[in-house]
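Have a look at this one.
As written, the chain order gives the labels A, B, C, D, E and F, with residue 1 at the start of each chain.
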Amino acid sequence: MRPSHRAADALRPVTLERAVARYAEGSCLVCFGNTKVLCTATLEERGPPWLRGSGKGWVTAEYAMLPRATHERTRREVNSGKPSGRTQEIQRLIGRSLRAVTNLSALGEKQVTVDCDVIQADGGTRTAAITGAWVALHDCFAWMRSRSIISVDPLRDHVAAISCGIYKGMPILDLEYEEDSAAETDANFVLTGKGGIVEVQGTAEQDPFTEAQLLELLRLARSGTERLVALQKEAIA
Amino acid sequence: MRPSHRAADALRPVTLERAVARYAEGSCLVCFGNTKVLCTATLEERGPPWLRGSGKGWVTAEYAMLPRATHERTRREVNSGKPSGRTQEIQRLIGRSLRAVTNLSALGEKQVTVDCDVIQADGGTRTAAITGAWVALHDCFAWMRSRSIISVDPLRDHVAAISCGIYKGMPILDLEYEEDSAAETDANFVLTGKGGIVEVQGTAEQDPFTEAQLLELLRLARSGTERLVALQKEAIA
Amino acid sequence: MRPSHRAADALRPVTLERAVARYAEGSCLVCFGNTKVLCTATLEERGPPWLRGSGKGWVTAEYAMLPRATHERTRREVNSGKPSGRTQEIQRLIGRSLRAVTNLSALGEKQVTVDCDVIQADGGTRTAAITGAWVALHDCFAWMRSRSIISVDPLRDHVAAISCGIYKGMPILDLEYEEDSAAETDANFVLTGKGGIVEVQGTAEQDPFTEAQLLELLRLARSGTERLVALQKEAIA
Amino acid sequence: MRPSHRAADALRPVTLERAVARYAEGSCLVCFGNTKVLCTATLEERGPPWLRGSGKGWVTAEYAMLPRATHERTRREVNSGKPSGRTQEIQRLIGRSLRAVTNLSALGEKQVTVDCDVIQADGGTRTAAITGAWVALHDCFAWMRSRSIISVDPLRDHVAAISCGIYKGMPILDLEYEEDSAAETDANFVLTGKGGIVEVQGTAEQDPFTEAQLLELLRLARSGTERLVALQKEAIA
Amino acid sequence: MRPSHRAADALRPVTLERAVARYAEGSCLVCFGNTKVLCTATLEERGPPWLRGSGKGWVTAEYAMLPRATHERTRREVNSGKPSGRTQEIQRLIGRSLRAVTNLSALGEKQVTVDCDVIQADGGTRTAAITGAWVALHDCFAWMRSRSIISVDPLRDHVAAISCGIYKGMPILDLEYEEDSAAETDANFVLTGKGGIVEVQGTAEQDPFTEAQLLELLRLARSGTERLVALQKEAIA
Amino acid sequence: MRPSHRAADALRPVTLERAVARYAEGSCLVCFGNTKVLCTATLEERGPPWLRGSGKGWVTAEYAMLPRATHERTRREVNSGKPSGRTQEIQRLIGRSLRAVTNLSALGEKQVTVDCDVIQADGGTRTAAITGAWVALHDCFAWMRSRSIISVDPLRDHVAAISCGIYKGMPILDLEYEEDSAAETDANFVLTGKGGIVEVQGTAEQDPFTEAQLLELLRLARSGTERLVALQKEAIA
């Protein structure tokens, strides 16, 4: 039995609430159980310098946690003068995931920055962030189309993400903090609406894992992201 | 007529929602109209080094804004490597205000850190933060008493804060962003439940102001903080 | 009796010595008793980016203390990588105070930076700095007029500042370090030559203070800044 | 045909040269074709604070590139004040990979730091680093055993890593810089001597990839790391 | 003819004013013409960690310039987050020079920090700083002896410093800023009261210089430091 | 007898290996016994801003040590956020030395950066770096001439450097780490091929030294740099 008493392939209750930030061009509060991430999409005046003259735009992400999102208070990163390695790893992952389903040429030489701020953290913050960021980005693009800033929707597909792990030898889906801390293997999968793989990250925290286990984790992740994509469709309907 | 169409002495709708953060010892989401600040109080293992052996504790605060709390996106301070002068000024003010009504000896050699994170900003974030932080601190002390960490409530009084300003020559209470940007004079008052003044900050943005105007602003602030203290009492009832 | 043996409304001996820095466009060494601040005004080649094209200029200030200005040696802020919150608070205050009496349009798109470096600190460094900075700024503008860089004096009035406090229940003027450390309430007032209030900052270090006390502090401050403005007039005569 | 003219499953010439750093407890210069990484293992006086009293040790890694290891000169990270996100991601990966095959209890409360400095970079620096770091760590442990600092070899297995990718639709092994820049999918695999998976990282740079492609990449990686482990065995023989 | 119209071997008027800082254990305002450096010596509670248990003390120095000490305003180093290379070079030089004439065992496990803050800069700030720092250090040791903190004077000799240079082929002593900027070779010498050499630094700014020129510069420096030591003796008499 | 068992005026075996970095425009691995420095010269797209429009170029250098170049592991400077004072001192010295023999007008408005990375450190790293950097710079200029980026060789002469010291009263040449730590006086000399002095730096670590000793050190240095220049000529032949 897993600590959360959920079935191995059960997601936590997931909600995607749109338009939660009054000033942002797109926003979404995503909850995976007790994990809550506020995603806001901002249209920036201009894209990064290296794309100047290319006709292409850019989508990027930033990630942070409120100090008391966690069980124990976490020190603000501003006080150590720089984002931690973990923060940088996660915000790079979110940005890559969003770009994988965006037609950057259709965006033109603009940049959209999606801020993912963790209000409460109970495991799976990076995968919740990707899933909610897609909704915020979708609404930002809709806002831009309604003002004729772009004429075509730059989104080519959905993208959603979920964590998996091996806990006491058993592959399980969508780990809570307590499960995550005890898992032997920790993995994150980012998949598109059509089922393509955008990112696979699997890490043995203790013993190495096998190819069969990797495939089983992928099977779980696929079933999870299918449900997340269905929820995204419902949210934007 | 002021831009918000409110009467000169009218507060925005104010709400104080407790227990919004699952893991914090005390928490409060405070809204002054569209300004929303999440306040969480954390009991830290130990106080600051300079109080070691004194038998006294410490209450401190940190303040930050989410990047898209504002009309235009604000750059994260972690990316410039340090909190801005404005941030430091505000978090020092919140800490002083809370300590003014706390019996630090009754707290013992412990520290409570109150994090005030602005989720949405429409003027008056620092005064909303102080008003909500008092509730979070109150609940943290209640949590500590229920676990017999302290025996006496260290809070000696309420503390609440409100902004005032002179807009087109007229003293007004509780300024929204649009009013704040256009005001000739900007002031913040921190008062206790008994009506004592903890902090006065008045700044002429354009022409200097007079003693009579200062007194009129104080009169407005007093009526505002009286109502805020009443709301605090209601919230913790 | 206050520790300095001065009357409640007595200033320390104040001197304002001009032209003390050979290379600066304007300079003033201001002494309030044992507090000594060297103020130098520099005409910068260009104003801040946000004023480009506006026809307006800018006046800003920086503040620092020599390490052994104080009773105990203070660590250099460069070694902790950033100005402290206190330093930023003070330099923002000095800049605002000077701008309150400057016609920025008459200055044109130029910037004047006034550096206030505390050579010796015995309380009241920020108020001494404002009082001396006005003289340095005045001389910088005179230098500019003598070279026809500007045609009209951008200064609209004098500005001076003084600290007050409540010491053992008694309102007193111009606190020395020893008085300042023991005061129950600490306040700083910035007033113009015509008596308008530019800035009020009052903080209860222990018990809250009353409206009557605030008014008494303001009365003391007014009498103090009147004398300081008279000394400024004498100095530039 | 891939740009390197190698067969899809061909490694570049790989060399592992031991004892190249006179002062380090263990060292290895690893070359994967034109990619050259100097790995040095240092026995540190004490482990990290969070292991104090646990009886366990720690293995960690740091990674950096010489400025002109690359085709274009890369700015030194010390000049921007902090390691980049990429650097932190890589050094965390190397550390996790080494710890996956180390018995930290057998090491006792000591720390070994493996520095991986890229002398020349032509793709695959992180996988070369892991492969060479294992040799340096092995020699550090041998050095410790020869001085009776430890009695049992803490290494439980070999660990080696290789990059794979999908280039013009074809899965290929051990990408050079030119191949890496043009690949549609980029993956890194860390495997043990016994064939267990320690880490999988697969990223779609353009179109998403399929489960079948992931498996083909894993097959290639397995054949590659088997050869790398054989070379490690030869090197330490 | 040199720009200053002085003879090749003429010093500028030099003054050494003691006890200029009310709170420091020793202090000296040193002027070499228009170059003015305030030196203050502080007795620190404890020495550096690496001397703990050795019975020896330490003398160290810090150096900085006020922003408008110079002809053009110099940006404060705190705003770029760290002391510049030039600052670090100079403060290391001052510290080494003072330690060369100090008996660190006689000091005991204490540290004296000498702060050298340039109030006005017209060339030769580092050599003026060394010359004045010796006086401040002397007075700090006298202060310590008068309080029986030490029983023996730790100073073994005088130390003084002077700049030399080759200007239009002519070796000259004690360069002003204008001479310094135009000199072909720039050199600084630190000598003891007995004439021993503590530090030689000679740099060809344009063409290399010869051994004969180096000797001529040393001859000039020796005559200059002899006069400086005489002034130090007079000052402390 | 000196610890290295070499004669007082004996250099360690010195090698200068060219073209060791595949991507750099010029490179040299220089070994002075166990001290090994990798020097790479990079042609940068543009010179520093202050030379824009002057028709002149710039040569600059950066210096760093690998963490385990040293007997004990040295912490990476990137982790303390800035280059140390020692690093900055050395890289400024290398840059000055190279510019002393470069015709910056012949280079045109370009910049060459020479990176000197210490692979192994056994004393004399800065002097080895200068000696090797000259070879890398020479090859970079040759590369530029072969591509007609410049038409004339900007190098006007050779430049080489060597350390000297006084060890147990005896002047010795080219100190190893063990000798360096014990020397009473430490000096570095940078000389040109024609014998001109570019830089002299002599520091008394204990007792001051005499003019006669300085001259003896210079004599040793001259004989050493003559041999180093001969080796440079051989290397580029």
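To be clear about the criterion, a contact is a pair of C-beta atoms (placed from the backbone, for glycine too) under 8 Å apart; a residue touches a chain by one contact, two chains touch by 3 or more.
Everything quoted here is computed from the prediction, not taken from an experiment.
**Q** When you check each chain against subunit B and subunit E, which touch both of them?
**A** Intersection of subunit B and subunit E contact lists gives C.
**Q** Can you tell me the C-alpha superposition angle of subunit A onto subunit E, nearest 5°?
**A** Rotation angle between the two copies comes out at 180 degrees.
**Q** Could you classify the subunit D-subunit F contact as same or different, where same means more than half of all interface residue numbers appear on both copies?
**A** same
**Q** Using residue numbers, check each pair in A-D, B-C or D-F against C-E and return the one sharing over half of the contact pairs.
**A** D-F
**Q** Please work out the Cα centroid separation of subunit B and subunit D, and write it as a whole number of Å.
**A** Distance between chain centres, rounded to whole Å: 51 Å.
**Q** Rounded to a whole Å, what is the gap between the Cα centroids of subunit C and subunit D?
**A** It comes to 59 Å between the two C-alpha centres.
**Q** Whole-Å distance, subunit E centre to subunit F centre, using C-alpha means?
**A** Between these chains, centre-to-centre, one finds 28 Å.
**Q** If I count partner chains per residue in subunit F, which residues reach a count of at least 2?
**A** Residue numbers touching two or more other chains: 81-83.
**Q** If you go round the ring from subunit E to subunit F and onward, which chains do you meet, in order?
**A** Sequence of chains in the ring starting at subunit E, next subunit F: E, F, D, A, B, C.
**Q** Contact residues on subunit E for subunit F in the complex?
**A** Residues of subunit E touching subunit F: 81-85, 88-89, 91-92, 96, 100, 187, 191-192, 194, 196-204, 207-211, 214-215, 218.
**Q** Please give the residue numbers of subunit A that touch subunit B in the complex, ascending.
**A** 21-24, 27, 34, 38, 40, 42, 44, 62, 64, 66-71, 73, 76-79, 81-83, 113, 115, 117, 119-120, 122
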